[in-house]
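Each of the next two complexes has subunit A plus one other chain: subunit B in the first, subunit C in the second.
Moving on to the complex of A and B:
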């Protein structure tokens, strides 16, 4: 009598191995989210610049990100950069570069939206007080955008759910590193299936559990975003 | 840049683009249908179906397409459920896309002003007429930008179909790259191919959105 395929997940350290694989993508996602928030803030401010060059630059960046599948961008960096510039980047570095490139533009667009929702009189009052442009952003607009601060909690209310949604998208997208030879959860799953090739339904259970794991990671974020949206609407 | 190499492989990319576009389109159409069904089940509060729709939407939106495809293509056959690669591609894309389309439709329906519905009832429209002539047209107009965003998103997502051993653009490029070693040319053509596919979609989206802006009323902002 053969056991159910799911039992192989609890043989030896198989489950720990899967979790280790999941952590590889999650770590990449966390680094990406962090960097995207940071650069996205700069990008968002840059998008509001009145300078033509800056506008075109942001526009082109955003359009590239909108049009190119993330997998294509991954290939460009992972395979293309080695050829073009002789940079031999490993999979994880390429992934962080690509996903940050993407996340920065998307996060920047959200931040631009939040910044423009701050009433104009805030900027004008600050200018009337004699603040320089940089100071206006640093002391007036950005704090209001990021924090639930003094006058305008609406900006944060608008930004935060969207930023959380973007973060779950980033977590889901990091699964793509499988395609550039990073040993992440799907790859570990394949290794486990290979070891237990005598167990016919091993593949079913392994992929089912990976599916569930991703769901369990992303779902709480989605719920949180939805909750915040509902409460702050 | 080796233009002769590029010229001699344009045909491969056209074939790949055709696969990407065709299965992308099937996926988009099925997603629209499934999304509409889920959205209606929720809107009319159909018992059971409504709960299934909610559960499905959460499940599909919170898992990557790549993982869904692995489960469909490599996992399910082990318990006796077997689909061809092409079927997996369409099922996978529909599973993912249906949830996103449902959310887009729902946001459109939610954006219809209550006053509109009440006004419809006041002038004596039946519930069915109200839905047909007042609610749906406005909801659809509001949902269109989100729907087009989803179309572009889904066509981009087809790039993972190469794990199903389908000769889509990504797989064509990968095969050429590993056999020829002309990485730069191969990637250049890949980027060009996706641009050629997606630019028209984006242009159409902008045109349709601009046209639908006429559907704005009185003091309402066009969204």
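Moving on to the complex of A and C:
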């Protein structure tokens, strides 16, 4: 008698393996989101610089992000950099680098928007106190930007959904890393399917469960976004 | 004779080809209070902003004591540490409590000790009647209170000179005098100041010298007695007349004799 396809997921440690894969996905995404927020803050500040070097730097960064498929960047870093510079990067590190490169640009753009929405006289009165440019950002503009994320409804309404949207996009995009030998949830699924190649509906059930897993991970994010919007509106 | 603190030498500034300052010169000695008046748009704010480098001048020089400060780009912040400025808009940092607003400049720009500055800040707050507001956020203050805090914030940097740009213009009339009295108190304490204001009675009370600016040119300069009671130009006369009418509605009471402690 043939089992129902879904039951293969509960054979042996298959389910555990799938969860392990999901954890890899989440870990990748969370590290990327964290780093993107951090570097995005700096990138956003840099985008406002009037210096030529900074402008060119940001421009090149943004154009690469805009035009390059993520997969190309992944291959470039994972295979290319290893050869070229002799770096022995594992798949996960390469993936974090590439996704952070992308997330930084997008988060930077959000931060830049928030920074420019702070009235000019805040910058001027901080400068008039004799603070250096970096100090003006560090003590006056950035704290206000971060507070704006939390305290000011209009800015929040615009920024938070965008930031959360970016986070879910990062989670989704991590699926690409299976191409550079990172065993995340999708890869685990494919391994399981390969194991049960004689079971014709295995593929459907495995991918269906993965579909559900992605949904379960991303859904709370959008719930959170809605909840926050409602509370602070 | 007291030292010259500020020397502005024939400065020009234009925006989009329009000359806003057209050869303005000005000297302020230590302890002197110079009031700058003139019709709206004549360049008063621009003049003050040029002095502390918020605008770059097209021509001329600005000296702070004997140091040329115009045309600098690199260590502008060092110059600004010696020039206090308070603006018309309430410019306290909204994310910081009053005390943190006050300490930011002295601790971060000047690198002073926090505890010792806190003591000084408290005693200054007390002087302007706001000691109990040290640990509240600016949004809980009235406009008049905010401007008094802004004055204290500038003074805590121990500037060589204080630039005030219409610091009561955005206030409700009943709050004007509480702020102006602080300024009068500072003037009595020997603070060197350049003040832009539309409060003519205050100007007369506080000024050692009055500068009448019109279309980017200094049209008249003299003692307050002379300027307010015997102006030489027709323009100045007409300018002052517009205030005689307005002052009938003016509710602000500035009492130069008033002590601040009460």
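Just so we're on the same page, the second predicted complex is superposed on the first by the 213 of 233 C-alpha atoms of A that agree within 3 Å, B and C clash if a C-alpha of one lies under 4 Å from a C-alpha of the other, contacts with A are read in each partner's own complex, and residues count from 1 in each chain.
Keep in mind that, in the parts below, contacts are C-beta pairs under 8 Å (C-beta built on N, C-alpha and C of every residue); 3 or more make two chains touch, one makes a residue touch a chain.
Computed from a prediction, not measured in an experiment: that's the story for all the values here.
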item: Three-chain arrangement built on subunit A, subunit B and subunit C clash or fit; value: fit
item: Subunit B versus subunit C as contact partner of A:170, first or second or both or neither; value: neither
item: Subunit B versus subunit C as contact partner of A:45, first or second or both or neither; value: neither
item: Partner, of subunit C and subunit B, that touches more residues belonging to subunit A; value: B
item: Contacts of A:35 with subunit B and subunit C, given as first, second, both or neither; value: neither
item: Partner chain in contact with A:211 - subunit B first, subunit C second, else both or neither; value: first
item: Touching partner for A:192 - first (subunit B), second (subunit C), both, neither; value: neither
item: Which of subunit B and subunit C A:225 touches, first, second, both or neither; value: neither
item: Which of subunit B and subunit C A:125 touches, first, second, both or neither; value: second
item: Minimum C-alpha separation between subunit B and subunit C after superposing on chain A, in Å; value: 23
item: Subunit A positions touched by subunit B in one structure and by subunit C in the second; value: none
item: Residue ranges of subunit C touching subunit A (in the complex, touch as defined); value: 52, 54, 77-85, 87, 89, 91, 93-95, 104-105, 108-110, 150, 153-154, 157
item: Parts of subunit B lying in touch with subunit A, wherever the complex brings them together; value: 58-59, 61-64, 66-68, 70-71, 74-79, 152, 156-160, 162-163, 170, 173-174, 177, 183-184, 187, 190-191, 194-195, 198-199, 202
item: Subunit C partner contacts - residues on subunit A that touch it in the complex; value: 119, 121-122, 124-133, 135, 139-140, 143-144, 147
item: Of all residues in subunit A, those that touch subunit B in their complex; value: 5, 66-72, 75-76, 79-80, 82-84, 168, 172-173, 175-176, 178-179, 186, 189, 200-208, 210-211, 214-215, 218-219, 222
